[in-house]
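Going by the order they are written in, the chains are A, B, C and D; count residues from 1 in each one.
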């Protein structure tokens, strides 16, 4: 029985983290109709920022996380203005190819800058765990989970309560209508992309603490973001959280009760099934589906 | 054959009107150029090195892969991000038949084509109901999922430890064709794939696909059975891609799921088809040859930076040539204005 | 009108021809003037960039040291060694393609890539072109079950990796562990390692409670660990590469997996990244390695293992680890083969490499009939005080095995 | 008496709570023109989409030439000889005007033998709708009127027996309406059955044999054009008092 509890705890903790990794990806895809293949590299860049701060200035990664988010915000804004904006109105898979090229550049730039080594941010306290009977809850992962869920909820609040948040949603639903009402779509898109990159950077800092990372682990984060974004419904912040938790549990239980190697097959099986049965995703709202595409 | 260049519009009177094709390669001149190119490539390997033959064989393989993708992504407008699933299945069908059933390669090859055809039809029915991003991501999901399935069927596929085709040494079922042999094999596949795309582009089936690409509801209203047409295009793509996979597996002798279902294959074939000119006949050929020689050249000369430069080139090419090289040249030829900035302005916000 | 069109198509074709094959490169034989050219296709980018770099350092040290000592004496003439490096992007088919390219450039003597899959792909091409390859980083026994005659591996085969740790623990550990659990990555090399380990465990009378596997390159092994936690085995052995090795130790701490005896892992513990990343949770972890500075054996180019360590430290400013040593050993074996053959003819060099029976800084080099250096034992290290310290075999031991490790 | 060209019984369609069309039964004799009028949102386009299979009916049935086609896929219905134009024009943007029309000839009930035949037939249809010589142009370069003509040409190229026109006259200037009416009359004289949805009442009155008035998804009334126009409920719901006065003042001609 404890095995089930332990893997459920682990699945939830991991799921919260995966949600934070994917929420930005889902936002950009839902609102801007852009699939960002370089999303995983933003996560790893966030890890390196936190790692560098920890190594040179001894800053705890959970503080370094904010610096990582800030750096990635600026980087995201610039990437949108310089690159993504040039093909924003092109057919959908133009942005896929553009970000594929961007991913190649960023991964290999990181290999040159930081070498291909596997890194992890060492904090004294992250490794220990609270023991509830046989079930152990590691501090690092628990803190990561709380921060991840907190940031995602903050994003949900931001999207529905602030002026900029509503502008982003409106532009996502009908860009031309939004522009008619004086919303500068280009700036809104750039801010959306920057927010997504910042969330990825923050997630990167946490991932770097609880696990290991190297430039080569970037594509895995992008693929997981795909599954979560579709599971939760595109552009749906709640959906990303739910999708993350579901994927975390599926992978954890899958690993527990099926052979370890089947876990990824299960994840993609779930992805394809959800797509065919309910393209709008678990919590996705149909209106995103019927968005007017100019 | 009166043509009036002064009118600024090269009349393609002699060729059937049809969709606007590459101005200077349409009609008879096109056939002449194709024949010359084919003869050239047939004669070439004699004075080539083994590794140069191998590089060109890889180029021809990518021509076939790009043309396969062109059928479903370019013509029908359904951007599949999972064509590598046919590549992997074709490869593994061949390897399993040769290694486990002792079949000869020339028996395993058609079997691989059948597997490609069958899986495309089977997968097409549910997946082709989705559109746009959802279709792209569903096909990506199927490809990634299939890699994991093959990885877990250790008994049949050897899983992570790979599977070896008996091509060298005593129990080889088929003599190993060597670099020259594979050069001609992949050349034939590239020619076959391009011929299929040429036939499709001029056939009723091709027009139907283009109609679906532009506006599926309008196409349905015109009597086009969109489901059958889409599955047809997907199956053709499946056959061509699985044939390429079969030849690749034989060439590599030892194959691994991680390599045969590598998403890099899909992304490369899409980049090549799109930058060359998706929805055209010549586009993917130029895209595949051009990009492959580019990456070979880069890898030889800037060992540390070649992937970065390749990434930058893709980014720049996508921004400046979103509609692809062929269509850019054709429109430019038609309107006498070759301006890259128009492209950028067209899609910029 | 039509001539206008034909010229444009003609131009396009010449451009294609130019890029397709700009004529044959001048095919210099193996020897060019007073230097012998060797080829090395390595993963300088991609997943295995890190290990590819370590292998390249090993090859570089070998070439520079041999050239310092006046080069290789082949027959009555002395030749310098020059190595051409090419990047295989950690892709097996690219490795095969590059070996083909070496063959065209007349480079018949090749040093192996990093990793079993690239080595396997290269070996097939080497066999076809009748080149000779000596490699130090493709240990999977499967490569040598194909009847290949042109490929030689200076390192001990994969089956030894886990088996050596089982032998060390059975011999030295007080109290001797009664039960063991294997955690294996799902790739060819790791699975062969686990099979070798399980066989040795049975021989040593240690009961194998379970074998759990996880995807290759996994950073999250929590589910496999949760399964084995209940077993409370005395010893947990991981057949892994670096990334998975770090994940096992890190997550075991979090999940409270504490084997009564301790942990053992392949490949990961001896690499500097392991201790740097895990800090003091790496304490006491056993690791099997192809080479340690205490290996017995000496040769005229590098002297003893300790001399090699000093030479490496002088050139690269840090201690060598076994990835460097096995690469140098591969290059050394090829050089010794050239010397013994007294000629640069490929087949003669092959025969002399096959017949080698030498003591070197890397230990004994004596290839069996399939080309494996079977007799060379592996060494076992334990992380003590944040440093990998040799504990087995006893004649190489620097310090006592601390057992139970966690104690 | 042959079966009606088009017959619906109790046809309705709900979008969630909204009753877009409820319980509409109509019957159109072969070779006649049925005009359909009604305010925006009356369910006119929904009716057409239900007949052509682009929408699945919630209840009721659709028969073409006596054959049941309820819920069939759009291309099955198209091949049964039913062609339509779209309210918002849907050209195949990257194909030339001739190819847009040729596709109809390729996939219609009596499809052309080869691509070349289809293109020849396309040129004939383009002649007929007044787009002669514009075959090579991409649809994007057509004006509003020509774009509507292209829609009509694409439908005609199918060689249909039943033609559904969804506001094909919308946006045409006065001078362009007369030739369009002429074309519809000539098609009817050749035996084509036509269902025309229009807002321009003058058009409906002058060309329809029967008129159906829809209001809020329900059939308000149907009958001869002259009677329908005088019907109190139609004036109230759709024509408006000013039109009624003008009609009462004048001699009520078409």
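Heads up, the rule we're going with is that a residue touches a chain if its C-beta (ideal position, glycine included) is under 8 Å from a C-beta of that chain, and two chains touch if they have at least 3 such contacts.
Small disclaimer: the values here were computed from a predicted structure and weren't measured.
**Q** Between chain B and chain C, what is the separation of their C-alpha centroids in Å?
**A** Computed from C-alpha means, the inter-chain centre distance equals 37 Å.
**Q** For chain B and chain D, what's the span in angstrom between their mean Cα positions?
**A** Those two chain centres are 42 Å apart.
**Q** What is the distance in Å between the mean C-alpha positions of chain A and chain B?
**A** Roughly 32 Å separates the two chain centres.
**Q** Hey, what residues on chain A touch two or more of the other chains?
**A** Correct list: 108, 259, 261, 264.
**Q** Considering chain B alone, which of its residues make contact with at least two other chains?
**A** Correct list: 148, 151, 159-160, 304, 307.
**Q** Would you give the residues of chain C that are in contact with at least 2 other chains, written as numbers and ranges?
**A** Those would be 45, 186, 215.
**Q** Are the chains arranged, by touching, as a line, ring, star, complete graph, or other?
**A** The chain contacts form none of line, ring, star or complete graph.
**Q** Which pairs of chains touch one another in this structure?
**A** A-B, A-C, B-C, B-D
**Q** What part of chain C is in contact with chain A in the complex they form?
**A** Residues 45-50, 53, 186, 212-215, 218-224, 226-227, 229-230, 242-243, 246-247, 250, 253-256, 273, 277-279, 281 of chain C touch chain A in their complex.
**Q** Quick check on the complex: what are the chain A residues that touch chain C?
**A** Per the stated touch rule, the residues are 3, 6-7, 10, 14, 108, 111, 115-120, 122, 127-129, 131, 134, 136, 138, 140-141, 211-214, 216-217, 251-252, 254-256, 259-261, 263-264.
**Q** What part of chain B is in contact with chain A in the complex they form?
**A** Contacts found on chain B: 73, 79, 81, 126-127, 129-130, 132-134, 136-138, 140-142, 144-145, 148-149, 151-152, 159-160, 263, 267, 270-271, 274-275, 304-305, 307-308, 310-315, 318-319, 322, 344, 346-349.
**Q** Note which residues of chain C are touching chain B in the complex, please.
**A** Chain C residues touching chain B: 1-2, 5-6, 8-9, 12-13, 16-17, 19-21, 23-25, 44-45, 85-87, 89, 91-93, 96-98, 100-101, 103-104, 117, 120-121, 124, 127-129, 140, 142, 146-148, 185-188, 190-192, 215-216.
**Q** Chain C touches which residues of chain B in the complex?
**A** 3, 5, 24-25, 28-29, 32-33, 36-37, 40-41, 44, 47-52, 54-56, 58, 148, 151, 159-162, 164, 167-170, 176, 178-179, 248, 251-254, 256, 258-259, 289, 293, 299-300, 303-304, 306-307
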